[in-house]
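The two complexes that follow have subunit A in common; it is paired with subunit B in the first and with subunit C in the second.
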Partner chain A sequence: MNRKYSTRALKEAGQGYFFMSPTIFVLLLFILGPIFYAIFLSFHNVRLLGETAFNFVGLANYERVFEDRRAGIALWNTFKYVMIVVPCQTVLAIILAATLNAGMKGEKFFRIVYFLPTLTSSAVLTLIFMWMYNREGLVNFGLDKLGLPTYDFIGDPNVALTAIMVMNIWATAPFFMVIYLAALQDIPDSLYEAAELDGAGPVRKFLSITVPHLRPITSFVVIMGVIGTFQLFDQSYIFSGGSGGPDNSTLTVVLLIYQYAFKSMDTMGYAAAIAFVLAIVILVSTLIQRKLSKEENLY
Partner chain B sequence: MKKKTSFGRIFLYVILCTYALVTLIPFLWALSSSFKPLSEIVSGSINFIPKNFTFDNYRQIFIEQALFPRWMFNSVLIATVGTALNILFNSMAGYALARLTFPGKKSLFIVILAVLMIPAQVTMIPNYLILREFGWLNSYQGMIVPSMINATFIFMMRQFFVNFPKELEEAAAIDGLSRIGTFFKVVLPLAKPALAAQAIFVFMGFWNDFMRPLIIMTDSSMYTLPLGLNTFKGQFVSYWNYIMAASMVFTLPVLVIYAFFNKYFIKGLSLTGGK
Partner chain C sequence: MEKKWIGTGISLLLAGSILAGCSSDNGGAEGTGDSGGKTTVTLAGWGGNPTEQALLEQTLSDFEEKNPDIDVKLEVIADQYMDVMKTRLIGGEGPDVFYLDAFEAPAMIETGVIEPLDEYVSEDFDLEDFEEPLLDAFKQDGVTYGFPKDYSTLALFYNKTMFEEAGVEVPTTWEELTEVSKELTKDGVYGFGVAPELARQYFVAEALGGEVVVDNRANFGADEVIEALQPVIDQHNVDKTSAQPSEVGASSGGDMFGQQRAAMVLEGNWNIPYLDETFPDLEYGTAEVPTINGEKGTMAYTVAYVMNAASEKKEASWKLIEYLTGKEGMETWTSKGFALPTRKSVAESLGYAEDELRGPLVAGAEYATVWANGTNLPVITNNFNNQFISAFLGDRPLDEALKEAEEQANSEIGE
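For the complex of A and B:
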């Protein structure tokens, strides 16, 4: 009996490894292996042309991050971007979701329309917005009509990053809206009815029932938003033609990593070091966010 | 009291419609520009309905850029094969993690969860060197193999199979079907909604990916559409009518897929989002 059981267990283990084999293969070769390889690279000076050469340089690559002016600019730009885009897109998403959930007619239509930006690739969206941000484009036309000053959104370092922020808030808020919509269905109607009996208005109901009930989802949305925004690349690459210009104003950390790794000589190890710094920054901000949302829950 | 609520309704509709316009205007503007001749584009006039309606841009982009069909083929091939492999392998892994017992299962699951936290930029540089060593730069397998599994969807499929009724598999086992036979003949067909949701997200991920092909594909005949589109923009800097036409051609397939799978889409979001 015992033996039969163990052959069965053996068979099941074999099946388990068979089912896991593609995952284990990719995990080892393209995820876990590369992580160790990246650690190795970040402590070396890498030369690719001719004979590939690795020279151990200790912590020099990490020290360089703090001396590099462009790394400082990239970190600051990315930080500004995260601090503005994440709150805006979260608030917009929650408002849109609550409005849609109010049992309006044509909900399905609005849902489909709102979801269009999520479906469209970042490359297409960036091109459409660059066309609108043109000197004589649609946005400046609108601003002019409203009596507001017009801008050279693509060429002016003072507004280029803001232009990308607006575009991305517009593009990602609907995605998070759908996540909120799913969560909104779980809030019991009786709560709203009770609040109505107490004479609460719609705004009051939104702030005292909807927002607190969505707190766990908000925490998730903010973390996802932080992770996503820290990794901004496509938009600033296309917007600036890969340079991060004008005047480094759209240079993000990932764009800088890309430039050092693939567009300049002998700086691949340094790029790997910046990537680790970014990973640590993302990890720490996620942990801080988690801690903050836990503390809030205590009240 | 009643009057007040209907006023509130109108206010909500104003919000909804305004935002619908905010969402639609960029797309409508792009669509309208794609049907305008260059003269109308550069005139700087703001009209949503083209004065001189033309299909020329759509024809011209295929003539001006001979590689356009090739880019489209590359994109379709990579996205389709990549999605098919993902669906198969993620489901297999999810099933094993949910149902089978084997040594090291727990640590594998923890590793998969941990991988979710690692930003792609960390592995991007070593992956480039590994693919270079394999001679896989500028190849389809270089794009497909490293992303033929996805930790998020393995996790999602595991959750799905944990809640999957065991009785069906037991019945299949009594009928003499092997574990592997049961998985392919009984379990997978019943998992269709979860597979469809997964398929859309994975397909969009491949289809819209910009950074990986930018690194892996340096030969212009191996570009995917987003990359091609960016190059195209570089070549035809002020020909916004062409650029918009190309953008529209590129967006259409995803919209069609969305129209077909809309139902699963929302479900998939709640699966990935709601945990």
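For the complex of A and C:
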């Protein structure tokens, strides 16, 4: 009896796996395979062009990450970027969502307008912003009219990364806004009514009801934000023409990986090692974030 | 049980056809060997402007007429040329013949993916006819791997109207250039538009006897190099009579010059058609690059046709290279002046040496430094550019910046 059941179960499981086989095949080929290959590469000195050669070098590639000054700069730039962009875009997203949910006139229209930046491709967006950031562009024109100092956003290392930050906050906040908007529908009106009876104003209601109830969503938004911002590449690539300049100021970790993988010869293994260091950094920061948000979980 | 295997068969078939669908898109490059007795040679390069493209197609159809058994398939790689080319060569899908910039050449040659061409060369090809420094850029250990298709040097472009208004002469020495810049700088116009990057500053850096690259390692922290580059920094930060394109909102030196935000720039041959098309009303002239310390100097940039060592149609590929870099093909290709011919005889017959605008560019070929030096130049350049810009913007002293960049470059190069 028992044995018969298990063959049946086996058969069923086999059928299940069989139905999944196209997906499993694709996952193995395009996701798991490359990951294991990258791990393999990171322990080797790889030469792909001409005579293909893989020399096992142990942890040498990983040691090199910590000695490489540019890797340090890239990590620091990326870290700065994450620390500024994630909180800003999260706060902006909440505020945008709350105002859209307040029942004002033309809500739908503004919802579309706010969401537009997210629909634009980041490459196009970057090119448009580069025009605006031009020495003679719109941003400097505005700053000048307000009597503020103007900058060479593209050429000056001191402001180039800030320029990318502003651009990215503007572009990603609306995406998270939509997630917040959905979550806002779930907050029961009775809570707001009760608060009103207790004499709470709009600001107090926002801080004491809306924000705490959105906490699980916030932790999701922050985690997604952290993962996304750590992987900053396209904006800084287009902004600097692939160099990470001026003066390494827009050099991000992924851009550095790209440079080592494709621009310089025979450093594919080292690039894979940096990619793993980045993956570990992201993993650790996500775990820390999860730990922090769990302790404060409302539910 | 039966049914199951049928299912497996179907899904395998499906998976197979999906994969086949993927590969058949790219298969054309290598697979189509002989179709109807014709050999198809693929030629890959980056795109130029429409006129340039038409010239190339013209040259290729001339070649096909002369060699009825060879078909040339032109592939234009629009962006990230070297990334695409390296990936395709690794995957064994490389074209038979392709463009290779002198800057990238040494590293590519060293990997062994480029076919040595010496044994193909016949007497008629006339090697002596090539400008020697340009040909040397594609040699390694005395073996030639590519033949330069064209080149450009840098020359001084000056705005005639501004020079007349300021009442100054075209500078012939770097000191004069510095002085003239002071006269020309006013109302948001800079005397001199400068590109703070190694590709443009290499000859300046080496003007006082220093060497940027020694034994394939960075050496630009040497005192002679720093001393030679200091005037470039000082002109920007002390005199404030020069600017880089982004400081005036321009995208390139040519753009800056065309928008009349700089009275002088050092640009190449490519700038002439660009200015004609984009700024047709601009009154400008060209002159040889001002001398530094009494010595003439400029940069030369060149691109060659090279053959893929893994090509299966080497004979036909050589015929194509032979024609394109031969006297006839080169004359067609360079006839409109978008690029300068690397053969002396072609340059003579096209008369560019006497051309008012192109004369100074041609004259530079004799003493130009070719933009290529060993396999590590890309790494060296990246690090130089990164730190040079911070000195250029006055954030830190030049010697400190360059010494640090040199250290970083050499640590990336390793032993």
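Criterion: the second predicted complex is superposed on the first by the 278 of 299 C-alpha atoms of A that agree within 3 Å, B and C clash if a C-alpha of one lies under 4 Å from a C-alpha of the other, contacts with A are read in each partner's own complex, and residues count from 1 in each chain.
The rule is simple: a residue touches a chain if its C-beta (ideal position, glycine included) is under 8 Å from a C-beta of that chain, and two chains touch if they have at least 3 such contacts.
All of these numbers come straight from a predicted model, not from anything done at the bench.
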Exercise for the section: Based on the superposed arrangement, let me know which partner A:Pro246 touches: subunit B (first), subunit C (second), both, or neither? Expected result: second
Practice task
Have a look at where A:Val277 lands relative to subunit B and subunit C in the superposition and call it first, second, both or neither.
Solution key: neither
Handout entry: Touched partner set for A:Val57, first subunit B, second subunit C, both or neither
Key = neither
Exercise for the section: Could you look at A:Asp156 and tell me whether it touches subunit B, subunit C, both or neither (first, second, both, neither)? Expected result: second
Practice task
Report for A:Tyr37: first if it touches subunit B alone, second if subunit C alone, otherwise both or neither.
Solution key: first
Handout entry: Partner chain(s) touched by A:Phe262 [first = subunit B, second = subunit C, both, neither]
Key = both
Exercise for the section: Considering only the touch criterion stated at the top, classify A:Pro22 as touching first (subunit B), second (subunit C), both, or neither. Expected result: both
Handout entry: Partner chain in contact with A:Val86 - subunit B first, subunit C second, else both or neither
Key = neither
Exercise for the section: Check the residue A:Leu75 against both partner chains and state whether it touches subunit B (first), subunit C (second), both, or neither. Expected result: neither
Problem - Shared contact residues on subunit A - subunit B and subunit C - result: 18, 22, 134, 136, 262
Practice task
Enumerate the contact residues on subunit A facing subunit B in the complex.
Solution key: 9, 12-20, 22-24, 26-27, 29-35, 37-38, 41, 95-96, 99-100, 102, 104, 106, 110, 112-117, 119-125, 127-129, 131-132, 134, 136, 138, 141, 170, 174, 178-179, 182-183, 202, 217, 220, 227, 230-231, 233-234, 237-238, 241, 254, 257-258, 261-262, 268, 271-272, 275-276, 278-279, 282-283, 286
Problem - Of all residues in subunit A, those that touch subunit C in their complex - result: 18, 21-22, 25, 47-52, 67-70, 134-137, 152, 154-158, 243-248, 259, 262-265
Problem - Contact set on subunit B toward subunit A in their complex - result: 8-9, 12-13, 15-16, 19-20, 22-27, 29-30, 33, 44, 46, 85, 88-90, 92-93, 95-97, 100-103, 105, 108, 111-112, 115, 117-130, 145-149, 154, 179-180, 183, 204, 207-208, 210-211, 214-215, 225-227, 229-230, 233-234, 240, 243-244, 247, 250-251, 254-255, 258, 262, 265-266, 269-270, 273-275
Fill in the blank from the handout: Per the touch rule, the subunit C residues reaching subunit A in their complex are 4, 7-8, 11, 14-15, 83, 86-87, 89-90, 107-108, 110-113, 244, 246-249, 375, 378-379, 382, 385-387, 389-390, 393, 395, 408, 411-412
